[in-house]
Amino acid sequence: MIKAGIIGSTGYAGAELVRLLLGHPQVQIVWYGSRSYVDQNYADIYRNMFELVDEKCMDENMDELISRCDVIFTATPQGLCASMINDKVLNEAKVIDLSADFRLKRVDVYEAWYHRTHESPEYLPEAVYGLCEINRDKIASARIIANPGCYTTTSILTLYPLVAEGLIDLRSIIVDAKSGTSGAGRGAKLPNLFCEVNESIKPYGVATHRHTPEIEEQLSYAAGMDYQNGESVLINFTPHLIPMNRGILATCYAQLKDGVSAEHVQAAYEKHYKEEFFIRLLGCGSFPETRWVEGSNFVDIGFTVDERTRRVIAVGALDNLVKGAAGQAVQNMNIVFGLEETMGLKLVPLFP
Amino acid sequence: MIKAGIIGSTGYAGAELVRLLLGHPQVQIVWYGSRSYVDQNYADIYRNMFELVDEKCMDENMDELISRCDVIFTATPQGLCASMINDKVLNEAKVIDLSADFRLKRVDVYEAWYHRTHESPEYLPEAVYGLCEINRDKIASARIIANPGCYTTTSILTLYPLVAEGLIDLRSIIVDAKSGTSGAGRGAKLPNLFCEVNESIKPYGVATHRHTPEIEEQLSYAAGMDYQNGESVLINFTPHLIPMNRGILATCYAQLKDGVSAEHVQAAYEKHYKEEFFIRLLGCGSFPETRWVEGSNFVDIGFTVDERTRRVIAVGALDNLVKGAAGQAVQNMNIVFGLEETMGLKLVPLFP
Amino acid sequence: MIKAGIIGSTGYAGAELVRLLLGHPQVQIVWYGSRSYVDQNYADIYRNMFELVDEKCMDENMDELISRCDVIFTATPQGLCASMINDKVLNEAKVIDLSADFRLKRVDVYEAWYHRTHESPEYLPEAVYGLCEINRDKIASARIIANPGCYTTTSILTLYPLVAEGLIDLRSIIVDAKSGTSGAGRGAKLPNLFCEVNESIKPYGVATHRHTPEIEEQLSYAAGMDYQNGESVLINFTPHLIPMNRGILATCYAQLKDGVSAEHVQAAYEKHYKEEFFIRLLGCGSFPETRWVEGSNFVDIGFTVDERTRRVIAVGALDNLVKGAAGQAVQNMNIVFGLEETMGLKLVPLFP
Amino acid sequence: MIKAGIIGSTGYAGAELVRLLLGHPQVQIVWYGSRSYVDQNYADIYRNMFELVDEKCMDENMDELISRCDVIFTATPQGLCASMINDKVLNEAKVIDLSADFRLKRVDVYEAWYHRTHESPEYLPEAVYGLCEINRDKIASARIIANPGCYTTTSILTLYPLVAEGLIDLRSIIVDAKSGTSGAGRGAKLPNLFCEVNESIKPYGVATHRHTPEIEEQLSYAAGMDYQNGESVLINFTPHLIPMNRGILATCYAQLKDGVSAEHVQAAYEKHYKEEFFIRLLGCGSFPETRWVEGSNFVDIGFTVDERTRRVIAVGALDNLVKGAAGQAVQNMNIVFGLEETMGLKLVPLFP
């Protein structure tokens, strides 16, 4: 059995990790970390775990934590993982970081978008961006895995084949994204109160959202650009808050290059994703809806080509807490530990 | 492998059966019955099943159905199961009926509340009321199992120990129940439109809801009454429609007999349910919330005693599509086929 | 023009007062009080008021406040109104208190249920309970009006005629109430986050909710009891939180006295409410739904009689922020200032 | 008093017309038309109107209708208004059509996008597109007013100043729109059931939605194009369904021309809208949310300029049933009848 520790187990992503790992046949959770709820029963914080988890929340005693764990998931605010990482930790346990600390390879970009100093930039080179379907090989041998953001997983997976196959004008990409409210976390903040979110939709972080450079970096690699030396795809990314618990939908627009048809687009998707268990290709003219992926690790992708404007509109949808966070983290863990990649993740979407 | 057929597989309860049976290690679904969608791909009706189910919807050819199946689930409108049942069917397959056809032992009561003639009353005596925690022994050898209603499962399980132990005045029982909208089914009816249900709450079926006699009959048995000969507990049962997808909460009121304390109530619950995996006792002063059971087969029960009025207020909650329908049906199947009762049902509640 | 000040104008009830008073032809709001947002633009706190309100939030300078105002609304936490009230205030302005400070006549009851010392019990005798349809005459000449709670307005108005006409057993009353989330206020608390409330229902304050004694006191008066000397109706009151913004529904149960029929119940309602503009009687067999009163000052009431159990089930519904708070406060103001009682309150319910 | 008839008064837009006209000081509704509910009490269809409307639903007897009415609102499916219009009607009453029959000047475009033959193209030339803030002068003397669509009002008003002032590349416009579910109407259709809409978001009509040519035509006029002869702006318009009752938000993207700055954009908005009561300009860096306009006739518009990509992202929000349908229809009526344009429409947004 793999022994897993979760730092930040009482946030929504952390709690989803608990849900998934409880159903994983090869994992035992040995550390329910939580700065806010130390010494409280985990099942008192999340009553769905009543009679399922009989553990107390633990503080951040790293020495004890790494001595007990084979893998550490950090589902924590920005900066925490970067501040705790060191060779001792990495020699004893694999680290799968659900925060953004190791997602961006360029420290200057990180500091510009996150407005904070990176505390362990020396580990950036070895950290692997844990987008499983794209980086599977590198993940297998990584010590630190930067688990991608929820918006970014949706956006990158939807756009990747179009960029990699050179079908679209790289200056024309726009991602208009919509997310359920669990993406905002479990902090007690006025904007996330029921009455503030319900019966409304709003954009936020327009032109400033931190997932923008993450998408740009990965798409730049897909395009074969020299990202480290300043080449980069530039996109517009606009997230919106939706009155629902779970789900992300990314509506992506791009100008097709001359001569590119719907068939070429379809072929690009099939080339990259046909064998992928967790990516379901709906084809041309069919579009995903978040209700069809809720609770599962699936990403559904559909598209159409508008011949009037010569744009492709490609849409991806996933559950932000599963494939957008905890599910992908478990998928990464499976790869790292040499388990079957889908182990514990063959979840049938819950509807309605 | 047990071969299962589902008649009415495209309703919400039927679709939940599909979800659960896909995850059951000992079952294969061989018949996706649906009068409304014959010959259509099941995964086109329920897109969450895309790439998970590759079958077409079947009509109601009973001969072929029973030749293929070991167990038949009927998740159909009232009357259908009663009209199709016969010895040939029962000799070849177990029948687990999610409709109300075989829930009430007295034909006169059935016909009075359901306003229809019962088409196969001769099978009423052998049918077993499939409330697993109460009737486990009888279920094991049954050919027809009447799977309980969603409101009734919640209400009966919450009140059963209080009645069985003689703690409450049987003339004083009131059940005020609240249900998510999936309980209303997938029919395209105006009252179930999003804009009609959202941002509202309403009572319905006040003093006339068909789950009333079902609760009364089972509580009468618990009280040791001679129900067949006209003795019966009488209750008030008031359901309300709530703007959410899943979940039932039943708030039950009853007058305590003299001398009965919270300790007696707690003892009664423990006596009956302490060993039950799917019943989680929250104790005195703690109350269930539907969010903590969503997607799972759990029933959460809590209570308090109000010394001012000498009433017990006991509250039960479950997921109406799982323990209130498909989950309990699978639990019944497990019992009937001698499998571990929790097989395929150890689902961690999904939150948020 | 009546000059109005609102202490606590940035809570949900306070903001609803602003909405209603902006549409009132005889009122000008001259004071937007808010402890939390002093000196901030009101329209920055409530962006619906952008270009409609051009004022800053004010602190609690009582001298200046009373010098400017004819009427002061206190939409504040428990205790604030009691702590600020004195003869000087009352000589200069009418006070309509939306908190519970002056609702209960008995200090011992207040302190037992609210767990706090009452700071100005000397004003309790003159304060008038502002349930307009019941206490209209006394309200007209009051200096302090205790604006009723949201649950209590619903519950009392639904039960009042039954109690006043002696139709029901006073020991048998149970009120099972359901409320939208705006009733919980705008405080940034974890239990009120969108993801915690959405897709769930929960009871709370079971047998301990503070609106219980308020209902009991008023029903005791209706029954002609000597409440000050210890006689009282005792009820069970159970509130539930519903995933919607606005609306309260109270499902009330009581045992009918011998010989009382549905006709008697209907006659009792008509006797008391037939001429009331804001009370809409749906009659026997029809039941209210909160969607039909949203945004309006209406209370809808329906009922049925269950001959099997000899209980009446009466259901009332209103908008908790209007008739349950700000609307009733304006109605009280209209009465106090000799205006037409419906002025500014003939709001057509908003649906959907 | 203006006598108003509503054909299609039992749809959501028709019912909103009823709500608004009941509060309009110069209008009396004399005809509640409804094909589906002839002879039924209007207040039985919309229970919010109980005791407010005491009329029965009427059939489509046009002779009687026009003899009674000064203005006829048609809130009906496509084609009905075109089939009933003739000189006799127009000589007796003004017609304000909430359907799309007279919105598009080019019959070929209408028939291509609506897949139906236009039954009275001879009236297209005189019909005026009722976008009040843009076409106020023409509306004043019109006999037929084509009331704009909900998505189109939002999209056009958000983009109009940018196009009219020549600030953006006309080939670069993308509108990603999100709508509450009331926009889908009150028809009993499976995709609009609560459980299908709740907890999900989906795109629909991608590259094919009928509001596309309506937006394109009006923006073409703004750009000074010869639309009748085939010149046209071409855009991508993608609507999404959101789990809420009311509200539309349109996120609009366009490439800025060289040298255009945020100040130019702001100046363009102010030039066109500064004096408009119903348009609220939030300025650069602030964005609308549908909760702030609910129940009102306001359109809120905000924007930002992304210097990285040189795009403007402009966002508009309104209540689809008010400014997006019934409110704008009343505004048009006010203009046509020479009333103050805001009469009956100074509604304070309802929040929460």
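A few notes on this one:
Each chain carries a letter (A, B, C and D) given by its place in the written order, and its residues are counted from 1.
To be clear about the criterion, contacts are C-beta pairs under 8 Å (C-beta built on N, C-alpha and C of every residue); 3 or more make two chains touch, one makes a residue touch a chain.
Keep in mind it's a predicted model, so treat the numbers as computed, not measured.
By number of C-beta pairs in contact, B-C leads when B-C and A-B are compared.
Interface repeat of A-C: among B-D, A-D or C-D, over half of the contact pairs recur, by residue number, only in B-D. Ranked by separation of Cα centres from chain C, the top chain is A. As a whole-number value, the distance joining the C-alpha centres of chain A and chain B reads 38 Å. Taking the mean of the C-alpha atoms as each chain's centre, chain B and chain D sit 46 Å apart. Taking each chain's centre as the average of its CA atoms, chain B and chain C sit 39 Å apart. For chain B, the set of residues that touch two or more other chains comprises 12, 182, 195-196, 198-199, 243-246, 289, 291, 294, 352. Of all the residues in chain C, the ones that touch chain B in their complex are 171, 174, 176, 178, 180, 195-196, 198-204, 206-207, 234-236, 238, 240, 242-247, 249, 251, 253, 287-291, 294, 304-306, 308-309, 311, 313, 315, 352. Contacts from chain B toward chain A in the complex involve residues 12, 15, 19, 22-23, 46-52, 182, 199, 245-246, 280, 282, 289, 291-296, 300, 346, 348-352. Of all residues in chain A, only 12, 181-182, 186, 188-190, 192-199, 243-245 touch chain C in the complex they form.
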